[in-house]
Amino acid sequence: MSDTSTPAPAPGAAHDAHGGHETNYVKIWGILLALLVVSVVGPMLGHPVLTMVTAFGIAFVKAFLVIKYFMHLTVEKKYIGLLLLTMLAIMLVFVAGVAPDVMKHEGQRWTNTAAIEAVEKGLKANEAAGHGEHHGEAPAEAPAAAPH
Amino acid sequence: MSSFPRPIATTRSATGISTGKLAVWWLIASEIVIFGGVLGSYVMHRIGHPEWASQAEHTNTWAGALNTFILLTSSLMAVLAHQAAEHKDGKKAAKFLYLTILGGLMFLTVKSIEWTNEIHHGFTLTSHTFWSFYYTAAGIHGVHVIVGLIIMAIIASDAKKGIDLQRVEAVGLYWHFVDIVWIFLFPLLYIAK
Amino acid sequence: MISKYVDSVATFSGDIDHLIWVITAIVGFWFLLAEAVFFYLIIRYAARDGVRAQYVAGEDPKEKRWVAVPHYLTLAFDVWIIFSAISVWQEVKQTMPQADETVRVIAQQWAWTFIHPGADGQLDTADDIRLVDELHVEKGKTIHFELQSRDVLHSFSVPVFRLKQDVIPGRTIRGWFKTTQAGAYDIQCTEICGIGHAIMPARIIIESPEDHAAWLLSQTPATAALTTPTTQTGGMP
Amino acid sequence: MSSTATPEASGHSHDDGHGHDGHAHGHAEQNFFLKYFWSTDHKIIGFQYLFTGMFMALIGGFAVYAFRMQIAFPGMSVPGYGRVTATDYNALVTTHGSVMIFWVAMPVLIAALGNYLIPLMIGADDMVFPRLNRLSYQLFLLSIVVLIASFFVQGGAFGGAWTSYPPLSAKPEYNLTPLGAPMWLVAVALEFAAFLLGGINFVTTLMNSRAPGMKMFDVPIVIWMIVIASILFMASVGPLVAGAIMLLFDQTVGTGFFDPKKGGDPVLWQHLFWFFGHPEVYVVLLPAMGIVAEVITTFSRKKLFAYKTVIYTAVGTGALSFFVWAHHQFIAGIDPRMANIFSVTTLLISIPVAEMVFVYIATLFGGSIRLTTPMLWALAFIGEFLLGGVTGIFLGSSGADIYFHDTYFVIAHFHYTFFPIAFIAVFAAVTYWFPKMFGKYMNEAWGKVHFWGTIIPFNFIFIPLFLLGARGDHRRIYDYTHFPDLMKPGMQDLRVLATLSLVVLLAFQVVFLVNYFYSAFKGPKAEANPWKANTLEWQAPSPPPHGNFPEGLPTVYRGPYEYSHPDRQDDHWPQNSPS
């Protein structure tokens, strides 16, 4: 919502910037598909940290490509990008304010006994189910997912 | 469509961004927080409950990947439609929009086969809170896909007649946003196991 | 100020009263000052024939001072209030003095169950005393409480302690108080919990050491078993 | 100044001659239904919201009458209602709270005034998306249909308070309203959808469709405020929309998002709710502040003191409002360490709000104040809101909130903010823009009778509630006789005093309704600019025809508050007057 009275740019100007790149879109699409393949193959290597990187890191790259080349946000007015970033920041504020109560199951003078029990029971049940891979993967989940 | 007398207000553009496009940017902004709310809640629960991994294992990565492929491709079609509209080629724009719609329909088809399969295996909305989140998040996204398809069909039929070509870009933006949401849903629901 | 109407019975209730007094003094002063200026301006600048209004843009720093100075003063007083408020908050909600006794408080629609540790001072032993809607504590003892709920949200509120804490199903929330005076007072549920929200009062009975010992004796395990509340309050799971 | 908009100005003058006039005539011969119920004219849609809001205020007012009578005289058969049972009581409290906020304050302050004023005050002929606007109202109407239907279903209306905390709201076995609870939630969600559409329309209209020459800093404060409020709404309501879907699933199909037994967490809902719920306070406060700015500048013939500061403080308030939500949850089971952070941010938000009030008081300095009815309302807003504002400091201070939380002190506090917002400021707006809306004057003497008949009882309702709250009265209790400590001498007298004052206040609203509707039809005719105001809506005829400015859309040359300019004979200087 900055001052918006600046004169409109010539309508064609911004569009011409990407108007001539007819092949470009297909190329971007090709890159996106390649990234998709990487994000599917990533988990097959079985390394939890690598999975997180390929899954979410690549999601961000893909989103960036779509935003930049398909939505042309980079040639849009600056405040549109800022607006979208602000919305994301607001969600970060939300998660930061809520996580100490909801994501964590214990805090100063309180214990989420129901959740702790559910985690314990669930992990035990997973173990009892017998698959070795479950056993190995499940506990690794929490630390690996933490950065997100 | 053209029978409706559009006010002068709609044709003004003090920002230099066309009115429809500006509105879609605001729509996307308000959608970010809607998806942010449900995905934020999901992520917090997921990190707090490592045992949900045993449920997440049963999601079908291949179906998710196929749908990602379909949506990415339909996004390409949407941007090509936009390009055609830029060149005032309404017929071509409509053709690409119809291809985009086809992509959306394929996405929904894959989704319904996948869900039917999961429900048959006993993974329903109520069977576990992981599945509640899974169906809710993907369901809200699916509703956006359906709404997008309807709007796109209207715009495509107008574009074919050369009416309101500026709308092609606006609906394209919305469609790319729906695509981006799926780009994040895919790792959150399918890959992180 | 509050204690004129509501007894002050816990060690920290006086601190909360004092905090409320400090805030009242600060905001009361500002409120009255602002209202006084406001009414003065209305009367002083009432429309008069032939007198034209002044043209003041309020963009000049010299003019802006009239707003900026009160603004900085507000900030300064805010900081004062924040420090007082947080120190009281930390005393009541964030510290845990060594307990003499721990009681468990279980809320449900629409009754309180208080589990006293009994003669051995330990919870979850045979001599625990379960009472419905009645909490007995000994004057001057530091009591820890554990709040649990069986169904919906409730709130454990003891106005004479100035203490309040919501009770959340699935969680155990701990807190403390130390009484300073004997007597019987209200415990209220202050979070709406269904149609019986208004009929969920309980009493806290603060007893002198002698009375408390007598009460403890009267609640021998045998008689306590007879008054076990589960039968009275119905079979909520 | 006007040169900045040249590319658009040329296109505009072209449109002005042709498209616009044909447009206005095209709507001349519509039948009654199409004109008033299927219209896309922003003014008609504004009226639809306004009258719907007034109707809902009657429902909300009736609910508060019924349950206050029960508190004052427990067990009595309330005239016009009958005996209030505990179930009724909870439903009435819930209805009052949710109706007054979601179906009175929001539609009247944002939707009605936004729709009516934005195009007029920025010199446009309509909103940019007229049909979206109509859809928005229809969704809103649908939400009301669902809400009112929920009063009559089996089990009755939802009674879990407007905050709708699970698990109480999530499970029929706890709330005993198997249909009322989900219907309430659907109604709220539909209402949100309506305002999201409306908000997008408002923001786009302001950004793109200002009259040629009108820069952002030439926009009247009330429009700024409505648009900032719409943005706040859009940015804060998202998580709750998601939460509402989750809660609806909990209620209807038995998921466990908020059920601790199924791995969910009831505290999550509280966060989702208040993350919206607190910005919501500013969503309705800011438009009210904007109304007051328009009225006090007009009737004190003064330029608004520090126009830009007001906008910056509004933006600052809006931004800060995303960091304070958990002060509603200090004792609701959040981690006590978090309460410290939220206490600090909460007290900090008092600074921009206080500054805004200071600016308004400073605007009065050196003015030529005429105490007309709208001016009385606007001044009363400042005077009463101050008390609401300062009592918020008690509740934002975590230490004091331990005692005051969920008592009548809270109720008195937020009514000292919400009543000035949703009623005092709205009465200021309704009386101020009445000549524009209907081309008639309201009766000034009856207007003042209504003013005093509202303001005096208002204080006599809520000052007793402050005292009761300080003495430990807690909320949503239908009968205090079960609490010995709350039946001490004098306490019931205060409850009775508050209730009787309420009855007086409600009775005086009849004066308003009669004055309003009588004047709308039979009042003396008003000229286009009866208050000699500067903003663009007063330069259009009263009432403005479809298309707003029959003599061509205006061009703007200056800011909205150039009153008593030293270089001019006239004490006002319309925004569109070339010299």
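Observations on the model:
In order of appearance the chains are A, B, C and D, and numbering begins at 1 in each one.
Just so it is clear, a residue touches a chain if its C-beta (ideal position, glycine included) is under 8 Å from a C-beta of that chain, and two chains touch if they have at least 3 such contacts.
Model, not experiment: these values are computed from the prediction.
In terms of C-beta pairs in contact, the better-connected of the chain pairs A-C and A-B is A-B. Our note on geometry: subunit A versus subunit C, Cα centroid distance of 42 Å, whole angstroms. Chain centres here are Cα means. That of subunit B falls 48 Å from that of subunit C. Between subunit A and subunit B the centroid-to-centroid distance comes to 16 Å (mean Cα coordinates, whole Å).
Centroids of subunit A and subunit D (each the mean of its C-alpha atoms) stand 36 Å apart. Counting partner chains per residue, subunit C shows two or more touched chains at residues 93-94, 169-171, 173.
Residue positions of subunit A touching 2 or more other chains: 4-8, 86-87, 90-91, 94, 98, 102, 104, 108-110, 112, 114-115, 118.
Contact with two or more other chains is made by residues 5, 8, 207, 210, 235-236, 239, 260-261, 263, 265, 267-268, 333, 336-337 of subunit D. Looking at which chains touch one another, you get A-B, A-C, A-D, B-D, C-D. Listed in rising order, the residues of subunit A touching subunit C in the complex are 108-115.
Across the complex, subunit D meets subunit A through its residues 4-8, 207, 210, 214-217, 227-228, 231, 235-236, 239, 260-261, 263, 265, 267-268, 271, 275, 315, 322-323, 325-326, 333-338, 342.
Contact residues on subunit B toward subunit A in their complex (touch as defined above): 13-17, 25-26, 28-30, 32-33, 36-37, 40-41, 43-54, 57, 61, 65, 68-69, 72-73, 75-76, 78-80, 83, 86-87, 172-173, 176-177, 179-180, 183-184, 186-187, 191-193. Contacts from subunit D toward subunit C in the complex involve residues 86-87, 89-90, 159-161, 165, 167-168, 174-176, 260-261, 265-267, 300-309, 331-333, 336-337, 339-340, 343-344, 347-348, 350-351, 354-355, 357-359, 361-371, 379, 382-383, 386-387, 390-391, 393-394, 397-400, 402-403, 405-407, 470-472, 474-480, 482-486, 488, 563-566, 571.
Of all residues in subunit C, those touching subunit A in their complex are 93-94, 96, 169-175.
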